[in-house]
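Same chain, two partners: subunit A is paired with subunit B first, then with subunit C.
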Partner chain A sequence: MGIKVENLSYSYSGNRKGKPALENVSLEIAKGEFVVISGAAGAGKSTLIKHFNGILHPENGRVTVDGLETRTREVRRKVGMLFQHSQNQLFEETVYRELAFGPSNFGIRGEELDKRVHEALSLVHLDAGILDRSPFSLSGGEKRRVALAGILALRPTYLVLDEPTAGLDPESRAKLLGRLQNIHQKRVGIVVVSHNLEEVLPFAQKVISMDEGRIVFTGSPDEYLRAGYSPVPPLARLMKELNKKGADLREDIFTAEEALKELQKLRQEKPERDREKSEKGAAETEAQDNA
Partner chain B sequence: MPETAFNYVYGDSLLHRLDPRTKLAAVMCLSILVFREESFAGMGLLIAFFLLLTWISGVRLSFLLRSVRPLLFFIFFIFCFQLFATKGTPIIPLPVLPPSYEGLRLGTLLALRFGLLLLYAALLTASTLPSQITNGIERLLRPLPLRRLGVTSFDLATMMSLSIRFLPSFLENAATIRAAQLSRGLDLRHDLRRGTTAIAVPLIRRSILSAEEVTEAMESRCYQGQCRTSLHELRMQKLDWTALLGLGVFSLFFLLL
Partner chain C sequence: MIRIEDLSYNFPDGTRGLKKINLGIERGEFLGIVGRNGSGKSTLVRHLNGLLKPTEGKVSINGMDTADPSKLLEIRQTVSMVFQNPYTQFVGTTLEEDVAFGPENLALPPEEIRERVDRALEVVGLENYRNHSPKTLSGGQSQCAAIASALAMKSECIVFDEISSMLDSRSREQVREILRKLRGKARTIVYVTHRLEEVLHADRVLVMDRGEIVREGSPKTVFKAPELGEFGLELPPIVELLNSLEAGGFALDWALLASIENLAEEIWESRWKI
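What follows is the complex of A and B.
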């Protein structure tokens, strides 16, 4: 079960002579897994995820979701997909109708629909007071959350997000990632396409790295860092640089807390030298002051 | 992007080298001829002239024919309308709306007329860059007292080139929004009305917003439409005057015949 991609190839029509957008891609995403797909612009990430819910159909190869072909309508509900600039997809008169759009397309009505709308709203931490407002009157960040809630109202088994944090301020980023983690804890599989690995790697169980339409790496975040692929998150890079200078630190570091712990280890290892240094430094400043 | 109708085809033929004004004038002149023509012989001559120009331009005929395809249904509709609605000698005696010989003649002429019009226009766009067409139109409109109406020929030219420039990004937006709504379970086959709103509302909204952004970007670079200069000033060559003379002779000969 899960999302299964076998030997998928795809090229955009009209560009048949050029390079295919995807070449012989195979991967598996298990139920409830948190996966990060990384790669430079034009690596084929967006083309790949459009195959997960049947927006695009494979030219060669096969894509199945829980054993279902992606041409089946049920797949659209199972795989919730949030594209880039999701704030642009809003169109209804009220937020309520916006959230109801998805489930009602699958024939959900009445009380059940109402329940879904409120459930989705609370998942993105929005107040029920917003339901009667026009989506166009909201701020950019709120629009994004409404768009995400619109997908969550489908109760997807897998949630696929294309660059979800692009254009958000640092605080909103952190909050969004926290929400994704909460959703993940509810046994929803999450696939995030991002080139900002630093922020998503701490949550990921699996990293898939793409380059020019091929998968070049699949594995855990630790393995990703150990294999020496780029881009490397800044904290891991710092550890690497310190190691080059003679330190002995772990390089699979994703969060500031972990990094702090490692750096404190450094201090305990060489307390004397540090003290010497700081004393020397203090002496120098004193000398300068005197002069 | 797939090859679409009315695209430019790179080339260095006689037709490509003509001044865009010459070509615009020629298309206008030929369109008048196409619309005035009532006989099949004359239509034949205009078709032959089109084929001659196509041969000179070096553009594949199949490429030009592609420009007619989107409107084929419309042309067919006009043909049928003429065929069944014109009174005259019936081809098959039907109780209601019998197809008539007069209708067949009129319908065929009209279909040919629309087809030729599109083909000549396709030949213009295939041999002239969009920016050149805009330049040509701007120069042709410059002597008109448009300023009294609050616009200048420069404004019109800017509007045209901006519209052409934004067509690809408009189509891209449309594709993205469509994919997003399909992902939310929109079924275009079952609910066309709802589908149209779900795609049109965000698309129009997005387009207006980006138009505003471009306006601001242009204003912050001091855009003005009173008088603009051009990197490639148009200049009529001997070739252009010869072509116009040739066209004049052809039209005169055609009208007198």
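What follows is the complex of A and C.
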């Protein structure tokens, strides 16, 4: 089960002679896993994820979701996809209809539909007051949340997000990441495409790194940082530097609190010579004071 | 060089954008302006070259009032802007043409234009892309190209408005490197961002919230303020670590943040203080 990609290759038809966008890509994403896909612009990340719910179909190779071919309709429900400028994904007259759109396409009606709408709304922390408003009257941040809720209303098994934090300020970013964590705790598999790794790595169980249409790395966040595929965030780099000097610290460190805890392992007695020096210093000051 | 007195600005729909801003910017200063989305940072810097005119108060650039239409051209030659989305700023069919566009409008001699374009592309590391179409550049490269266009104008002051928010970490690093080079050239830099780590080495930092300047000072003093969270900002974890080490009696020199290697060295040598 899970999302399974086997020997996938793909090139955009206008670019047949050029380099393929994806070349012989194989990967597996388990149910409930939190995966980050990283890589520079143009590495093939967005092309890859568009294969997860059948927006694109493999030229060569095979993609299945929980054993289903991605041409099946059920896959569109199972794999919810939030694009980078998700605020532009909205089109209905009211927020309610926006959220009901997905589930009603899958034959959900009446009370059950109403329940789905409210459930999705609460997952993105919006109140019911917003349901009668036009999506176009909302702020950018609210629109993004409504777009996310619209996807959650389908109760997806996997949620795929393309650069979800791009352009958000720290406050909105922290809130969004908190929401993703909550959704993940409900056993929804999460796949995030991001180039702001320091933000998403702390939540990730697995990192897949792409370059020029190929997968160049798959492993844990810690392994990823050690492998040096991307500029390492400052705290992790500090730990790495200290390890070079003989410390034995974790390198997958993202918060000041974690870092302080690690650094405390280094605490040791004041070296003898320093102690002498400072005692001598103290004695001199004392002598001066007496004089 | 820049003087802002009692500047207030209301948007056309009447909402208040800026409230009684007073600010002077020195020649050669690197000023960081931080604040959450909607705090007024961009509105403020759009006054620096007359893109917006004060509703009340006065903005002057080298003594020229931005409200005086006859000075506008000279003001725009003095202050260049680089925006978040450079794609919308491209005019040339090749990168070279694009960078030359501004200097050509200054009616400079061709040799001078050539020289400026070469120099600017070199500073941002795009000399090998001079004949590429600006549309084929990646996000990071486009941002560098926009910086090159500003450099070729040889303006005294360059304003960077949230240029890093769409960049990946590698391109951000590259832009930071360019900024370091610019600082050596005594240009005045105004750098707007919501990432505090990008203004760690500024001469001065302003925090804006709800259209007002709410904190001002050296990065070191501003980043100690416990209330930054209320303004929707987040301290870089590495700064937070330094602050907590200091609170525990282990003060480290702020300048060490410029090099993680040196910081590690210092911590390792004095690890008994942790």
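Keep in mind that, in the parts below, the second predicted complex is superposed on the first by the 251 of 291 C-alpha atoms of A that agree within 3 Å, B and C clash if a C-alpha of one lies under 4 Å from a C-alpha of the other, contacts with A are read in each partner's own complex, and residues count from 1 in each chain.
The rule is simple: a contact is a pair of C-beta atoms (placed from the backbone, for glycine too) under 8 Å apart; a residue touches a chain by one contact, two chains touch by 3 or more.
On a predicted model such as this, the values are computed, not experimentally measured, just so you know.
*Asks:* By the touch definition at the top of the document, which applies to A:193: first (subunit B), second (subunit C), both, or neither?
*Replies:* In the superposition, A:193 touches no partner, neither subunit B nor subunit C.
*Asks:* Check the residue A:260 against both partner chains and state whether it touches subunit B (first), subunit C (second), both, or neither.
*Replies:* A:260 sits against subunit C, while subunit B stays out of touch.
*Asks:* Where does A:242 make contact in the superposed view: on subunit B (first), on subunit C (second), on both, or on neither?
*Replies:* second
*Asks:* Between subunit B and subunit C, pick out the one touching the greater number of residues of subunit A.
*Replies:* C
*Asks:* Which of the two partners, first being subunit B and second being subunit C, lies in contact with A:22: first, second, both, or neither?
*Replies:* So A:22 meets neither subunit B nor subunit C here.
*Asks:* Hey, which residues of subunit C end up touching subunit A in the complex?
*Replies:* Within the complex, subunit C touches subunit A at residues 36-37, 138-140, 165-166, 168-170, 173, 194-195, 197, 232-234, 236-238, 240-241, 243-245, 260-261, 263-265, 267-268, 271-272, 274.
*Asks:* What residues of subunit A sit close enough to touch subunit B in their complex?
*Replies:* Touching subunit B: residues 13-14, 50, 53, 55, 73, 76-77, 79-86, 88-91, 101-103, 105-106, 136, 150-151, 154 of subunit A.
*Asks:* If we count contacts the way the header does, which residues on subunit B are in touch with subunit A in the complex?
*Replies:* 1-3, 173, 176-177, 179-187, 197-198, 201-202, 205-206
*Asks:* Considering the complex alone, what residue numbers of subunit A touch subunit C?
*Replies:* So the residues of subunit A in touch with subunit C come to 40-42, 141, 166-172, 174, 195-198, 230-231, 233-235, 237-238, 241-242, 244-245, 247, 254-256, 259-260, 263-264, 266-271, 274.
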